[in-house]
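See structure below.
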Amino acid sequence: MPLLVWTLVFPLVTAGIGGIGGPRALRESIMIGGLTVTFALSLAVAGQFLAGATPAAFGDALRVDGLSALVLVLCAFVGLISGIYGVGYLRRNEDRGLITMRMRREFFGLMPAFVFAILLVSMSNNLGILWIAVELTTLASVFFVTFHDRDTSLEAAWKFLMLGSLGLAFALLGTVLLFASGQGHLGEGVGALNWTRLMQAAPIMHPFTLRLGVVFALIGYGTKAGLAPMHTWKPDAYGEAPSPAGVLMAVGMLNAALYCVLRIHIISSAALGPAFSGGLLLTLGLLSVLVATPFILIQWNLKRLLAYSSIEHVGIMAIGFGFGAKTGVFGALLHMTYHTLAKPVSFFSAGTLAQLHSSSNFDRIGNGTFTRAPIASGLFVLSAVMITGSPPFGLFFSEMTILRAGFVGSHVAATSTFLAALIVLFCGFAYQVGRLVLGPPRDPADRRVPQPERFDLGTWTSIVAAAIAMVSAFYLPGPLLALIRAATDVVWGGA
Amino acid sequence: MTDVVWTAGLTILQTVGLLAVAPLLKTVIKKMKARLQNRQGPPFLQGYSDLTKLLRKESVRSETASWVYVAGPRVYFAAAIAATTLVPVLIAAAPLEAAGGILLLVGTLALGRFALATAALDTGSPFGGMGASRDMTIAALAEPALMLGLFTSALAAGSMNLGVLVRGLLQQGPSLHPSDFLALAGLFVILIAETGRIPVDNPATHLELTMIHEAMVLEYAGPDLALVEWASALKELLYMTLLVDLFLPAGMATHVTAGAIVVAALAWAGKVLLLAVAVTVAESTNAKLRLFRVPELVSISLGLAFLALAIRFL
Amino acid sequence: MNIALVVRLVTILAAAATARRATTCRWAALGGSMFASAVTLTVAVQVIASGHAIDGVLLRHAASGIVLGYSVTPLSAWFLMVLELIAIPVAFYSTGYFAHAVSASRTAVVGTALNVLLGALEIVFAADALIVFLFAWELMTLSTAVLVATDHQERASRRAAYLYLVMSHVGTGCLVAGFLILSAATGSQSFAILLSGHAVSGPARHALFALFFLGFGVKAGVIPLHVWLPEAHPAAPSSISALMSAVLVTAGIYGLVRVCAFGLGVPDVRWGLTFMFVGTVSAILGVLYALTQIDIKRLLAYSTIENVGIIMLGLGAGMVALAHGQGALAAMAVAASLMHVLNHAVFKGLLFLGAGGVVMATGTRQIEQMGGLLRLMPWTGLCFLAGAMAISGLPLLNGFASEWVTFQALLLGFASTRGLVRLVFPLGGAMLALTTALAAACFVRAFGISFLALPRSPEAAGARESHAAMLGPQAALAALCVVLGLFPGAVLRTLWDVTKSLPGLQPPVEPSWGAMGMAARGSGMDAFDHVVPVFMAVPMLGGLALAVWAAQRATAARRAPTWACGGELTARTEYTATAFSKPLMLIFRGVYRPTRNVETLADVSPYFPQEVRFRSQIEPTFERYIYRPLGRGVLRAADGMKVLQAGSLHAYLSYVLIVGVLILIWLGGGM
Amino acid sequence: MTANLLVLCAAGMLVTAYLMVGQKALFTTIRLYGVQSALLAVVAATNAFSEGRSELFVTAALTVTLKGLLIPWFLMKVIDRIGIHREIEPFLNVPASLLVCLGLTVVGYRVSTGFPEGARGASHHVIGVALSMLLIGLFLMVTRKKAITQILALLTVENAVFLVAVGVTSGMPFIVEFGISFDVILAVLVLGILVQRIVGRFESMDVSRLSKLKG
């Protein structure tokens, strides 16, 4: 059985065992072990690709090209660290006796399942499989949204599921229409929906049908990626999901969804030229950034803040792809990479803060957390600096690249708007972080004294994640860079 | 070598000369004022006797004062002296024109003012502070008008260095350009303001609340006071000479011969006396302005100076 | 250069590593910083001396293929020199200052941030390409913000830091846009090409000028972009304030010189006039606001705005001259502003260090609470006086020198231009004169009220002289004020070498008067004016000697209490700072728009008041009429957007419906 | 012949969609959905005949069993279990809703004209119907308050998509088809569970009350 299949089998098995049960230590070790192996396997697969091979299975239903390899590795990485952090996170709640059996089962069962679904997306070359896999990510993540079983979490879950399913329906229609537009040139059987075949048929597809298909597919998968105006489920879902799952959604699911968007984008670029879907992406991306901005300015909840930031970032990537040209695409993929490395830090530190104060509401947390939880607060500030694209960290470089692509492509108006939005966003973030972290320490008379911060697994994970993110800003390992380049070729070179 | 000796000699002679004449000027103005008011007025040598008396007196200083208080009058005095060396008086050359020109002159006087004002704050007496505040205020307002006035003639003569400037004017011969009169008028107002004359300030007042310059030096006694008085007399003479140089240099000695010097001396005395009369008239025919009317007066002179510049060069 | 930055990096790491042991950390951070600064200083001097730029590469960012390189041109070298001339004393001072003024827990943060800031500044001045410049620029902003927020328990400093961040980010945004447009036009990233002046032409040039003017203007703190400055500078620890006021603003100036004046081709006359106008306004308003401050650090901050104004004035004159193709004149004007950059850095650094000592000794920043400090902290007082005299532009000190050159540039500008434009120059001169005189008034007040007469509070009465480690740097800077004042020729000559490297400038070939003096030549006239301060020193000393001799009786003086109208002289009878600036406040009430309210508390009858309360404050015009409404507007707009996310799933679904319908209509080629 | 049948069925589905908009009884709506799905199955079967593609029969069978019977049964069971009154109170009254739906239909048809006349000349009608149904379903989701009705609306949208799949493309690859149907079932199950939890918590399945999360 080829390596990439193993990469899928492992998380699945882990999920199965985790779901069944067993003593805590066993579950934890199995999950961490399973995810570690998965990550290792994904690296191996990427290695195969870099060695010149194109790993594939099931008659090219699964196929790993540059783009897949990149997304695969990134998602596997996120899966691993969020898994480890998740264990730490759960332990904290266990110590406080907040964990029921249901939660344990859901957590240890669904975490790896979620990872499985995401990895399946990132590898699938068949648009049908792709759709199914995305649907699976949705179903897997719903239970994380309802994890804490509060009124609000039910509400969030309902909205998430409704909008998600609607988006998926659109995506399905898009897929069908794509298929229809290429009918007669795609051959028979499952392979007919293979992306590679569609690419071959692209030049002779029926343009109108294709256009319609592309639009629906983009809106559909855009909903999953959280592009405005289909983003509305995001703050609710992120706000309710436990932080480790939050990371998987904000980074893993986001990357996966973008992967789908890109697959469609590539086909349409090949058939209709990059202007059509590129323009669409640019519009949606710009809209996302603009929508995210005000909500960051007036945000009242730590996790929702991060949700809006992820809307902003998916917008930025979309803008990068929309600007097109090698620079823009490269910038966007670089952004994806750095975002994947930086975002977990903010989710982890924010999660810790929320746990310590048993709320993610700014008013409940109060300000001056630095005096109470120096490590988490410090990390949060650090990550804020990172995700606002300030030097000396990676997102600065990627945003610069995207901006430059914009001006070079003479999208002056769009780029200027984008730039302005970025500035306001920074100010908003600075304000929020400032009021959270700085300020006088909470008065001792206060009843809501937070838990003391401890050097537990969760803390260590966040520290390590931060270290990785910081180092990566200056040194991206050669292979990873090669992957980004290869992915750029896939998206722009059409290779 | 010779020119060093020459410079040194001229510097010392001119400084001493002006120091000697300065007290006389003040007295003369007093006298003329008295006459205009049908009073007898002080004898001509009054100024000198005042100074000698003060210099001989024992000096009394405030307990709260520091060295700044002591340094004040001395620096003020030194600055006044240094300033004189930049101004041509009898000969069409300033003793130390190698050092610099108008800007340096103004700067040096500012230095003196700074020292005195700082010292005035040192005693802790409310009047010192009041005087310092008002003096600095008026000086600040006067500064731009003064500069503009000086610029006008400097640009006309093509140099900011008083020596060069005067020689230039002498070569051009007497110019009756209207701008000169405007500039002169402007600078005359400044002269009044800077030397603390009515209508800006009243040198003879004994009511602290109306004082400006006097309030500043209210605490000084004996030799310290003498230095201040002497220096301000010198300053007044200096300003008058400056006006004379800029607008009526005729009669200055362009080469050093006894005859020329004598002529120049007489001419200079005459011209300064003329200005003194003007000052006297101004003092006797005007009432002192309220402090907050002064800006208007000064702004008038600013306007005059700018007008002069405009009509001269456009 | 690399060495210097490596040292910085090591220092930063060391400081971070030793965070737990404050003393070690302090010495590591500051020692390392001094060393790095020294190295950079040598590089700068070397460049200025040789006149040849030194290039190199700091780092290759493999991921984005961006290369961070540097190129120390003579201009950069000049600014680097200024930077390090201040950075070294500041670091030295801090060794003594941090020990008392910065809590042990924050030493590491401050030490690290300080080094990051210095490193970033060095890169900013030396950057050879767009990305590295913006990189360093951002880093500079962030580290400064950290330093400003050092005392984050205080609401004021949090606010200051935030305001600073916001303002600088808007500025940075303009810069990013400007630079990226340039680089898109040229297809290159290196300044050598971007700023060659051939990148763009036509109206685009003016747009770019506007962008860069805003971007750099914010950092330089020109009015009306200054609002952050008087908040941020005082908020930081004093030695940092010194650095910010003395050097950080010059980063903005550097940008203005490098890009606005010389980077966009031959400047347009209107640009120069803009500079002169903004400069004049900043100078006068700056000093007027400074005059009314009673917080000594705010006072100094406002006077920074004033001096930036003076610098801009000179620069503007230079640009106008360039526009008229008068290289010699332009060279002089630019030299004037660059010279003032140096001088301002020196005396402003000195004054802030002095203020720091005073604030530490008295525990207050209100000069109304000080007084009589000269007797308690004689050395600090002496140095502060020197600084005060220098900043008031008095001869024999450095302030006079640069203002002299500026005056010359303005007058020669008048003499050698035609048309109505020329009238701008003498007016500028007059305004400069006003500024200088007001500055003198301002610093008589600052020094007199805080150092002279009786202590105005028990804290002031109990003040003790600063630590030697803090006095040393002040003495050094004070000495520098005098030296630069007595030998301005040396500075000017150096500047001729610097200006030589700038396009269009023709500095005089044979600098006359050697190190002691400066000469100004206009086209057509020889020796328009010259100045040799040293010569002036002679009659000064002579006069001093004469005065001492004449008043020798005064040496044995009797001490008597000051006469206080028969009453007893107490601190409360002294003239206050507020009273001192009252006349000017009333004369310029149009600017200050002061509001005063007097309430009389009487129990029996209003004619016998128990207590009279008087409050007077000046209106923060710009904050009230520009910035506050702006901020409110943005927030209101953001608040209005809330309806988009009002929690109704049906609304959310309808968005999708609408989008779907719209797109279908669009695809259907309209209906 | 087949073409006419296709168009007929498609039209029938559209009619059911309109009826869903038109009336208020909950159970009727569910039955309407059943009918709709049955018609979809017929479409699939017709294509199976005309194209001679056996796997489309399986699709048809799947559709009938799953969508025609299983899902309606499941939903009714849910309603019975949580026993709430069977009225639908929409945001928009019926006439207005019908008007809007007419507009949406126009849009759908207008777009469908851009399509190529497929082999059986039917496709652009089918597309028109499908797009209209899609929009109408979406409109139902927007205007219906009850959780169940929203699910039904979503399923209508799904049907529209399937209509395109079977009516225009003569069937997606079988595995994919199967997987998709399976996923739909899963989704419905999850939705059902959620509905129960919501009702269990809020004593109502009026989702318009779920609006705590703002900003």
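Letters A, B, C and D mark the chains in the order given here, with residues in each chain numbered from 1 onward.
Here is the rule we go by: contacts are C-beta pairs under 8 Å (C-beta built on N, C-alpha and C of every residue); 3 or more make two chains touch, one makes a residue touch a chain.
Just so it is clear, the model here is predicted, and its values are computed rather than measured.
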Checklist entry - Looking at C-D and A-C, which pair shares more C-beta contacts? => result A-C
Item to check | Most centrally placed chain, judged by C-alpha centres | outcome: C
Next on the checklist: Between chain C and chain D, what distance separates the C-alpha centroids? Give it in angstrom.
Outcome noted: 69
Item to check | Distance from the mean Cα position of chain C to that of chain A, given in whole angstrom | outcome: 45
Checklist entry - When the C-alpha atoms of chain A and chain D are each averaged to a single point, how far apart are the two points in Å? => result 31
Next on the checklist: Rounded to a whole Å, what is the gap between the Cα centroids of chain B and chain D?
Outcome noted: 101
Item to check | chain A, residues touching no fewer than two other chains | outcome: 158-159, 162, 166, 208, 212, 235, 295, 298
Checklist outcome for this item: The positions of chain D in contact with two or more other chains are 111, 114, 134, 138, 141, 207, 210-213, 215
Item to check | Multi-partner residues of chain B (each touching 2 or more other chains) | outcome: none
Checklist entry - Which pairs of chains touch each other? => result A-C, A-D, B-C, C-D
Next on the checklist: Under the stated contact criterion, what part of chain A meets chain C in this complex?
Outcome noted: 158-159, 162-163, 166-167, 170, 208, 211-212, 215, 219, 223, 229-230, 232-233, 235, 291, 293-295, 297-298, 331, 334, 370, 385, 390-392, 394, 396-398, 400-401, 403-404, 406-408, 410, 412, 415-416, 419-420, 422-424, 426-427, 430-431, 434, 438-440, 474-476, 478, 481, 484
Checklist entry - In their complex, what parts of chain C are in touch with chain B? => result 372, 374-375, 385, 389, 392-396, 400, 404, 407-408, 411, 414-415, 420, 422-423, 426-427, 429-431, 433-434, 436-438, 440-441, 444-445, 447-449, 452-454, 522, 525, 527-533, 535-536, 538-544, 546-548, 550-554, 556-565, 569, 571, 573-576, 579-584, 586-587
Item to check | chain D-touching residues of chain A, taken from the complex the two chains share | outcome: 126, 128-129, 131-132, 135-136, 138-139, 142, 146, 151-152, 154-159, 161-162, 165-166, 169, 172-173, 176-177, 179-180, 183, 188-193, 206, 208-209, 212, 235-236, 239, 295, 298-301, 304
Item to check | Interface residues, chain D side, partner chain A - complex | outcome: 111, 114-116, 134, 138, 141, 147, 150, 154, 157-158, 160-161, 164-165, 168-170, 172-176, 179-180, 183, 186-187, 190-191, 194, 197-198, 201-202, 207, 210-213, 215
Next on the checklist: Going by the contact rule set out above, which residues of chain B touch chain C in the complex?
Outcome noted: 11, 15, 55-68, 70, 73-75, 77-82, 85, 96, 98-104, 106-108, 110-111, 113-114, 117-118, 120-126, 128-130, 132-134, 136-137, 139-148, 151, 154-155, 158-161, 164, 219, 222-224, 226-227, 291-292, 295, 302, 306, 309-310, 313-314
